[in-house]
Structures are given as C-alpha cells and as structure tokens.
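Letters A, B, C, D, E and F mark the chains as written, and numbering starts fresh at 1 in each.
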C-alpha cells in the first residue's frame, strides 16, 4: 500500500456545545499524525446566518477533504445554511449537534451527510443573571469531563477516524448516522468494571437531565425567581455528573484497566490497558472499512 | 456617545494550551453582544511554521480590528511567525502563551504587541504511552476548571475587554503586559472568603507544579518506566487541582458571594454577587480607559 | 378552645415507594403528640387485589378519622380497590403515589380524595439479577435522604398536618391536590442559601431521572446485558443524588440556617433555625385552616 | 417434595428502630415470592401499652404462621405486653430490638421466643429542640444504610428465612438467639476485601457509639446547651457512618465482588457476585434446616 | 513587672500516645518565645522501668522549672516510676496520659502532681501482623488531626501555659486536674458554628471508640482472624475521624471564624479569628492566675 | 551467629521538620525490638547554638552506638554545631534535613556522616498572624501522612535499619547519602498499582511546592496582605496532599496489596501484603550488608 497523501480535515464551528471546544484536538492529541492536517474556522458563540455567511467560505478555501460542522441545534437557520453548503459541495460531511438536532435527522440524511446527535450534550444555563464567562467555562469543563469519560468523545473520534481512514484508502466512507443516547453509550462502553460503566452511564444520564431542565429554564420560565433556581440546579447537576464520571474512571484506574487508544503517527489507533505496558496496533479496529 | 460600530475580533490558535479551547467564548458567553463579532482560525494541535503559513492568512481575510494569538511557547518557530505577521500588520495584537513563552517577553514588547503569559497553564503529559484523546480531554477539563475558578480566565477576558472598549471608543488601547503568576492571581482575586482565595491560589500553584513535572517527563526522561509515572503523577495533580478549585468556589457559593460579571449586550461588564439579585453596571470597571 | 379529642390516623400501605417506610413517623417524630394516634396496616411489598382484600378491613376496624393510602402507581388494580373503599367509606382520604399515579388524577378527584403524586419517588431497579434485600434497602436509604432533604417529606407531613388540624377543629379539611414535581419543590423550598436550594432541587431532578431509566430497564429491555447496566446506573444516580442532597443540607448547617419544624405535643408545628435557640410557635403556619 | 402452602408472616411494629421501616420488605424485595404473604400492623412511633392493646389484636386476626415483633427496648411495658401475647399464642415468634433490649434476653428465652438484639441500632437524638420529621428521616436513612451494608439486614432476613423455611417444611424452627454485636458482624461478614469488611465493621462500631452518646444526651443531660451538642454530634456520626459503609461497598463494587442474595420465587435465596452473571441456587444455605 | 527569668520546661516521654509527638512544639510553635526553653528526653516507643532508669536522670540534669511526663497508661511500672521521681523532686509536675491512666488519678493527686487524662487518645492497633512503621505513622497523623481540631491540644497547651505563667510570676501554679472526655471537649470548644462543633465532638467520640475496639483486639482476641479485622476497623475509624475533624474546621474556614491563639514572644497568647486581621492580646485569658 | 548485644540509638532533634516527631517510633513501632534501645534528646522548636550547647551533651551521655540528628536546614549554626560534635565523636552518624540542607551536602560528606535530605519535607507557614499551635499541629499531621504514604518514612527507617544491622554484625555501615526527591520516591515506591503510585508521587510533588511557596511567604513578602494568602495557600496544599496520599493508599487497600514491613523482635524487617496473611522474613532485604 502506497503512503497515502496527507488529508485535510476542515471543521466549522458555529455556536458552542460541550463537544465543540476540544473536537479538533481529539483527532491528533499528540500533534504528531503524519496523515492529516486539521483546520478549524469558528464564529465564536454566535451562530446566526450572517455569521455563517461571513466565515464559512474560509473553511472551503482551506481545501478540506472532509468537512465537519458542529453546532447547537442543527435545525436552526445558521447551522442549516452550513449543511446546505456542505451538501452542495459534494465533500464528505459530518454534522455534530445536540438533542434538539434530532429534528433535522431526515433532512441531514437527504443531504447525504453523516451525523452524530449527542443527546447528553446539554444546553447551558443561558440566563444573563447567571451565566458569566467563568460560569460558562466551569460548565464546559464539567460537561467535557462527562463526555470524555462516558465514552462520547471516543465514539466521536473513532467515527471520524473511520471516515478519514476510508478516504485515505480511496474508499467511499460510511458516514456515521448515530443518535448518541444512553443506550449507545451503554453498548459501546469501554469500561472493564460493570459498576464503573454504570457510573459513567449515570453521568451521561445526568447530562440528559440537565438538558431537560435548562430548556425549561431558558425558554419557558419568564421570571428570574423561577428560572434562576432551575439553571443553578442544572449546573449543579453538571458538577456532580463530572464527579460521577471521575469516580467511574477512578475504578478503572484502581484496577489498572483504563483503556487508552492513542493515535499512531500513521493515524491508526493503537490500544493499551495496563499503564506500564506499551500500546499495540489493533487491526480489528479497522475491519469495517478495509 | 454614538453607537460604536461592530468590532471584529480575530483569534488565531496554533497548538493548544488550557486557555485556548474556550477563549473566544469568554468574550461573549451568551452570544448576545451587539458590539463585537468573533472569528477564530486554528491549526488544530499542530503549530509548525507550515501550518501557520497555510492558515494564518484566513484570519487576516476576516478583517479583524483586534488580533489575538494563543499558543504554547510563543518563542517556537510557528508562533513566532504569527507574531511577526501580526506585528507587521499594524493591528493591535495580543499574545497569550504559557510559561516557556516568558523567554519571548522582550521580543513581544519590541513587536508592539501585548501579552499574557500564564505560568499555571501547564504542558500536558505528552507521551504516546499515556496520552490518548480521552486523557487529553480530561486534562483540559481539569486545567480549564482551575484557570476559570482561580481567576485567570477573568483576567484574560477583562484585559481583552478593556482593549476592545478602547478600540470601540477610538482610543489607542493599553495592551496588556502580564506575567500571570501566583502573585497576580493572589492580587486580582475576586474571592470574598480568604480561605476560598487560598484554595484557588493553591489550585493555581499546583498547575505550576504540573508544568515542572511534565517538562521533566516529556523532555528529559527517556525510558517509559521513568516518564510514565511522572506524566501520570502530573495528571493526578491536575485532577486534584480541579477539585481544590471547586472547593474554593463551593465556599463562595455557601456564602452566596460568588462574583459574576456577565457581559451586557453593549459589551460592558455587569457585576453581581448575590445569586437572586440582578447584575448591575459598574462604571468603575472602565475607569482605566475612559 | 376546648381540648380536641384524640384523632386516629389510619395508614394503609400496599407495595412500597420511597415515601412509604417512614410515613407514619413523619407525623409524630418524637412519639409525644397528644392529639393523634397513628395506626398502619401493610401488605408488605405485594399490592395485588387479593392482598388488599385480605388486609384492608383491618385499617377500617381501627376506626380512623383520616385515611391515607400510599402505594406505587395508584392506578393499578390493588391500589384502585383501596381508593374505592376509601371513597365509599366517606372518611377524609388522601392518596400518595409515584409518577405513574398521575394517570389516576381525575379519578381520584372524582372519588373525593386528596392526593400527592411524587414525581421524584422513583421505581426501584426491580430485576432479580440485581435486586436483593440489601440493594433494596440501600436504594430506599438513598431515596429517603433525597426526599427528606429536598423538602418532599416536609410537604407531605405539612399537608397531612393541615388536614388533621382541620379535623380536630371540626372543619371540613382542604384535601391536598398536588403533583409534587421539581417546580413545587422549588417553590416550597425551605433553604436559605440559593445554591443549597439548587443542589436539593438537583437531587430531586436526579430522582426523576432514575424513574425514567428504571422504567426503561424494568419494562422495556428484555436481555440482562441490556437492563443490568441500566438498573445499576439508576441506583448509582440514587447514591449520588443522596450525596448531593446531603451537600445541600451541609451548606445550611455551615450557615446555621437549617430550618426545623418539630411537632409540639399539641400537634402544632413549631419552627426554629439557629440550632442553639429554642423552637417557637408559628401561628402563620395555620392561617389557611383557622 | 409437595408444594408447600403459602405461609403468612405477621409483623407487629411498635415504636421505631432503624431496622423497623424496611423489615417486611427485606423478606420479599421483588414482591414475587410465592411461598409467603407478609402483613404488618404498627402503632407508629408510639409504643405504650394502650397502643399495643388497641392494635395488637389485628395482627392475630390476620392469621400469621410466624409472628415478629420489632420495637425499641423490648423490656418496656408496651413491647413486653406484645411478647406475652405472642408467647401465649403458641405461634413461633421472634423479637427484634436494640441494645437496651439485652436486659430482656432471659425473659424472652423463657417465653420460648427467638430474638435478635441489634447493638448498633441506636437511639435517635430524641430532643424536641433538635428532632423534627426531616432530621428523623435523615437519621433513619443513615442508620438504614449502615445496617444494610454492614450485614445486619442480611443476618436478619436470613434468620427469618431459615425459620420460614422450617415452617414450610413442617419442621420445628430453630428460632434465632443472637446478640448482633460487632463480633457477629465481623464473623458473618460477606465482604471479599478485608479493608472493605473493616470499613463496614467500623460503620457498625460508630452506630454503637451513637447509642452511647444519645443515651447520655436524652436521659442524663438536662440543659439544652449540654444535650444539643451531644445529639447533633450523634447524628453527625450517623452521617459519617453511612458514608463509611458506602465506602466499604464501593470497594466491593470496584472489584465486582458484591455479594447479592435475591429471593427466588420459591422463597429460597439465590446467590451471585459478579454483576453480569446470573444468580445461582445455593443449597448449602439451607443445610441447617433440611 | 520585671522581666521574668527564662523558665525551663522539661518533658519526659516514655512510650507514645497521640499527644506525645507534638507536645513540646505546642508550647512554642514559632520558636520565638523569649520566656521559656523546652527540653525533651524520650525512651522511644519503649516504656519499661529500665528505660526509665536509664533516661530519666537526663531530664533532671537539664534543670527544669516544670516537669511534664507523657506516656500511655500512667499506672504501668515505667510511668509510675517517673511519677515517683517527679513527686519526690518537689518540682511542679504534670502527668499526661490516656484513658487507662484514669486508674492512677488518686495516686497522682496524692503525689501532688497535676494531670490531664485524654480519653480520646486511643491505643494503637498494636498487632505485628498489622502495624508496621507506616501504619503507625498514619494512625498518629489521624489521631493528631483529631486531637488538634477537636480542641484537645488547645486545652493541653493552655493548661501548661497557665502553669508556666504562674511560675514566671512567682506564684504557686494551679496544676490541671482534668479528665479530658467528650463533655470537656464540648464545654471548652472554640467553634463558632454549632454543627462544626458537633462534628469535632463526633471526631473525638470516634477516637474514644477506637480505644474500646483496640483494647478488645490487642488484649482479648487471640487469633489473627479475630483481631486483624478489629485493629483494621479501628484504624479505619481513625481515618474517618480525621476527615470529620477536618470537615469541622472547613466550616469555620468557610465562615472565616477559625480561632487562632498564637503565642507572643513574651509567651502570652494572642487571639484572632478573621484571617486577614492581626491577633490581639487577650488579658482575660490570664485572669485565673493573676 | 551469636546474639548481638543491644545497640543504643541516639537521636538529637533541634527544631522540627515533618520527619522529626515520629522518627524514633519508626524504628520500633511495636516497642518490642530486642536488639535496640532508642533515646532522644530535643531542644523543642528552637535550634540555636546555645540550645545545642545546652542539650547536646545529654545524648552523648546516653552512650549511643549510632547518632542521628534531625533538624531543618542543617547548614544553620545550631545544626552545624551538632554535626561537628557528631563528626568528632567518631560515632557513626546520620543527618536528616529538609531541602535547604542540600547546601551542606559536601560538608556532611567531608565530616564522614551520612545524610538524607528530604526535598518534600516543607517549611511550615511560619507567620505569627497565621500559625498557632493548632495550625502547626494540623500541618504536621498532613505532612506526616504524605511522607508516610509516599514512602519517605519507609526509606528513612530502612536506611537506618541497614546501618543498625551492620553495626550489630560488627561491620562498618554504609551510611546513607540520599537526596530524597520525587525521582527517588518514584524509584523506591512500594505501590502495586501504578495510579496509586502516581497519586503518592503527586502528593510528594505537592509537598515540594509547599516549600517553594512558604519560602516566598516567610522570607520575601513583608506585608501581611501579601504573605497571609501565601501561607494559607501552602497549608491548603498540605491538606489536599494528605488527601491525595490517602487516595493512593485506598487503592492499594481496595486491591489488598498494601505492603507492610513490621520489625520482628530481632530487629529484622518482615514483609507482607495480603492483610489476612502473616508477614514473612525476607532475607533479600539484607543482602546489601551481609
């Protein structure tokens, strides 16, 4: 097999969900993959159609071989516009969004795009009386820990890695079509200890509950005495969910069974569990595409 | 005073430090500021000169009124190239980097740029036997919580906000020139309870220690039996530092003295402490520039 | 006002929810009320119509002035039979049940009975591969702590106390008609610190989530590899919810603001907050009925 | 062996100890045993002779094959009256009580009854300035967790199960005669890990200490400045004891060695340890009686 | 008042209790008192009469103005010998010992010595299968934290300070005669928050329980299967007691009400509570002697 | 081999570091070694040359076969004087000190003495506005736990044990020459689980950081608003470091792999890991000297 050409991964972020901030880093955690380059363009926390118009062209100009868009609720006008452009570009494209994005599922499929809808990537407590930059950052930290440990980030990068691998091998990629709910988290769990797995699932379940409460607090309640306790309550759940996720990983650590899957320089994942042993190649991970 | 024109903030990220992933979100946490638009271009985890060459033009094409670059060790070739371009562009520019960036302090000053060197934004445990995407994400989550709660993110966005405010008012901005070490964290702390403040400082001190240990582990030790315990130890410190930071905030919560500074739609910060009370404008925050 | 005659409170429990085990104790925590006697008859964990036929007459034979039935899902045949008998007895009657009981709301109203539907009193993980007597007891312990601290037990005994008070004063009682969901918990909270309140609400929200997951696990999933992680996950949530509730109370303790409402010997509630101060009578608590 | 007739278990509760609220549920945790029906009659928190006179007949009218009475200090007049009636009824009978009940040991033996005296089921902090319904419920939650995890509830239901099993098989049951102190808890422990066992024992030892302190606080100290710190201290011990018990179980969970003994539909206990494996019958558990 | 001459405090330690290792440091925590010099002679962990014979003369040769002996069970032959020599020396002398030392109370009084018997300074789990140097050190660390936070060390140094103060002022000192049990800890507590006080008391109560269990384990049980779980259990209690004590102090910290009483250079105690305020002299502390 | 004569170990402590208070107890934790007697003389917290002059002769008068001096910074005048006397006495001698003692390394070697410099035995927060006897004791408790669990105390007693063993066998002892830094702690770790080891190392790393901060706070900052937050911060690190160390040991406990090395009566160390198994002799521990 000839050395595949370096592939370029373009990521467009408009608005923010818990999976957004670290997304590109998941693909090349050690910055030493030789097979890909990642470029990201974002519109910050805003996601209006005008923001998209303004910034989206730049990601195309960076000549991606694969396009990924990540945003809250992909059925809103801004993210929808991104999908339309992606779809018409003919490039392989993947949409990552949160629970309300479920509504756009069929539309996305019709657009020929892949998707990962993360039901436990919850709306933040977006109320000015509550949310300042620090509260926002803490919430993201907590959600990020939950998604990392519960296995969501793993699924996200594995699915993208599979697509990249197919592209590198000149194949038509199977784009992911996944609603990442509690059952998927259960079925794709990497935990060795069943209670650790249950704790990680619980953390993810809590993240789903945050979404329910924050939707109530941000869109239905009108008075601050009503919504402030709700958003505060939701962020408390985020904090305890992060703690619960951490407990899950601590169990695996206490048994020296933490599964690690670093990317090799060639881009293929390696795998290891015992900390003091080296990672090994696991070709079975690539059976699907090869 | 006439309505200021919308200003465009350009952020260029190459490589990643703990302050990077959430940086643009700190400026507009509720996505409702009317005075600015934020655009970001990144090269993912890589930060080589070729990556910079490839992607940097895009951020200029997005017509920023203020440019911010954030990267590990700004004295490395890639980030240095960014600084050169920023400096020659004549735009107001700010460099954000971690402890090794201190070496470039004078160079940056000579380039007419501002800087914030965050001594407690530590090198990750960058060893392939240890670091996979999940470990990377957890580490970022922990560091992010420390930097948020210890007050570093506050200082970062306040300093940028001041610069934006000056630009909006047609003034020449005072660019920040800050080594954000434990003493600055102490002196600009927002904590009300002195033990909460001490805990937050402790968390930041721990983050500095992580840096020391990871430098040893990543650059000096050659054998995995030597460096693996060190990087694992460093990440354990990150975890406990996040916990300690959280304890600090919990104390403020128990006293209902958490200081919140949400951005108003006009871009000015408001301020509040008691949770159930509304935020108020605090003109004193802007004395320096007006 | 003449000394009211001692009133007899009859409680019939069929099957078990988290509010059941301690229900009668909530009414007379120190066993020194002079105004009431409480008698309970239960059918243990079973709640079939035959169990009800067998045991229900005993509670009537004990001559209650007020009847309370508590059971899971009051729309099931056994509990429904209890309600019919209560309704036809003409005695004031109150139905306490969990979320699925909501379906019977109108029926209960037509029966002239009061009700308290506790949405956060969740189904246990009722799978033989998982639930043994110890796991059952631990789950009840956790749920009990959540319901006590979040304020549900307070609302339950206050509502019953109001009814007793009316009966004692020869008035027709206003029977409670309450869906005890997160909003009611929010609005009737006794917490002084708003973050403590938010944590207690969060604990209650988690209890609601347990219910969702256990319904899935107990009634929809057929294979043990599918349902075992779910019930285990649900019980992990119960554990962390209890911990979160405890954190809430710890905050109030740290501020010496725990509200206590012991029953006086006369049956009226007293009230106190500072631990070292005596409780006082609070006539405002009885305004509604007097 | 022919299908045994369904046996009826009558439980009479007067007053409350930590083992009382969940007692009947321990015998049929999934509500699916075909071999027994459980009926309970209680006098709430009160336990005076008049309460007993009033309510006790009902439990006899429910035709039990086995009678169990549970109360604080069984040597007090109310519980003593229950024992007399039980003894003269000729039915097999078991007395469950707390540490002060030890005094009645010989009397109980002479009455031909079995007993389980639980030295770590402590007196509550029964002072009106301290104990309200919520504090009472929290205390019960904590003690319940300790007794469940330390193995006391296991011993209680196993002993009763053995008696039921003998009755079902037409044998004269060996009634339990047990002082359930720290040594018995040690010797009948189900823990696999010795430190988990030690933690669970420690939790039980703490419960014994609570009893010592609350006896002092409730019966000897007269001034609130003296007894309030003591009852509060005792309830703090209850809280930390519950936590310690939880830690013990967490260790077993981390090793996937939690022993579970669900009742089968036939009433026999099954046994399992690894969570994802099914429970098996263990005939050795019944050697004693068969 | 003339400058008092420097007084010499002699401490003789034979064997070890939890109060021993830091005793001399409690008197001069900053090493800057001008009024005293402290000299200690110890026989290590051994406390036989021959050890005493060998080492005791040295402490007399160091010319103390006040003699303190600290040991386990002061009624044992070694410590008894020390007391005899102290008594016959005519120097003011104080005996510090643990609960079994209570037996010697009258003897000590007849010897004209003062005493402090610390009921919550428990026997270590002295079994070779369990206790190695590390386990010993951890136990001492835990007990030391309990005794420090619960207020025992405060009482100890205050009582000694009072005696020193009297000696410095040429007065006959009132030697302490104290059984430091849970009630004394309650009555001399410095805690501001009543729940913090209760937690600290609870920690001390736990330490008393450790003593009970270790006496059982070390002197009564003969088989390792019997005593090993007991000593391990006792050390688990020590660990959780230290944690509980820490929780108590954390509450005071969260309220900025930690009482601090540093020694001034003159030897008098100063007092402060708010962390950022300076300590002040409190003459009331010396009323008793002046 | 003939029964070796009892050897006498003399310890001189001037001033205090975290290793001081328990040092002699580490050598004979059960007080039953037949081969040695330990005698200690101390000057309390003070360590001036006059204190040394006054007290040092006593330790020589106790006829030691091995002399150990432990103090802060051994290069200060008091401790230096001790070393001079030790050196000229011709007795085998060992110096134990903290990080600043590193400066005296060559001097000590020239004096023919052994040394152990413990880089993670940090300066206390020695500021009168902060440090009272209780704060001092808590700090020592925390540091002691870190040093015990991280393995420092083990190394200390093993090194001394080796020297004693050589002396007993008429050999010239190899005196230890060790800088006990994070790498030594890593390389001599007894932990079985690699994450437990990493946590223990992290705790030790934190202790090193405390030293850095307290040196800054005690010697460089002049104003209380500057140094008080620093010393408080340093003591917060001590507390969390103790907690982290405890977590490390908890992992080993959960795996029943805690290594214990009790001294036998003959003085030789035995070794065991599984709690319920007896310790065994391990001759390999003495290979070096025999």
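Here, contacts are C-beta pairs under 8 Å (C-beta built on N, C-alpha and C of every residue); 3 or more make two chains touch, one makes a residue touch a chain.
A quick note: this is a predicted structure, and the numbers were derived from the prediction, not measured.
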{"item": "Minimum number of chain-to-chain touching steps separating chain D from chain F", "value": "1"}
{"item": "Centroid spacing, where centroids are CA-atom means, of chain C and chain E in whole angstrom", "value": "49"}
{"item": "Euclidean distance of C-alpha centroids - chain C vs chain F, Å", "value": "57"}
{"item": "Residues within chain C bordering two or more other chains", "value": "194-195, 228, 232, 254-255, 275-276"}
{"item": "Which chain pairs touch, all of them", "value": "A-B, A-C, A-D, A-F, B-C, B-E, B-F, C-D, C-E, D-E, D-F, E-F"}
{"item": "Contact footprint of chain A on chain C as seen in their complex", "value": "182-183, 186, 189, 194-195, 197-199, 201-202, 205-206, 208-209, 213, 226, 228-230, 232-237, 240, 243-244"}
{"item": "Touch list for chain F against partner chain A, complex", "value": "193-196, 251, 254-255"}
{"item": "Touching residues (chain side chain F, partner chain E) in the complex", "value": "9, 15-16, 21-22, 24-32, 37-47, 51, 54-55, 58, 61-62, 126, 128-138, 140-142, 144-145, 147-149, 153-154, 157, 224-225, 228, 232, 239, 242, 246, 249, 260-264, 270, 272, 275-276, 278-279"}
{"item": "Chain A-facing residues of chain D, complex", "value": "253-256, 275-276"}
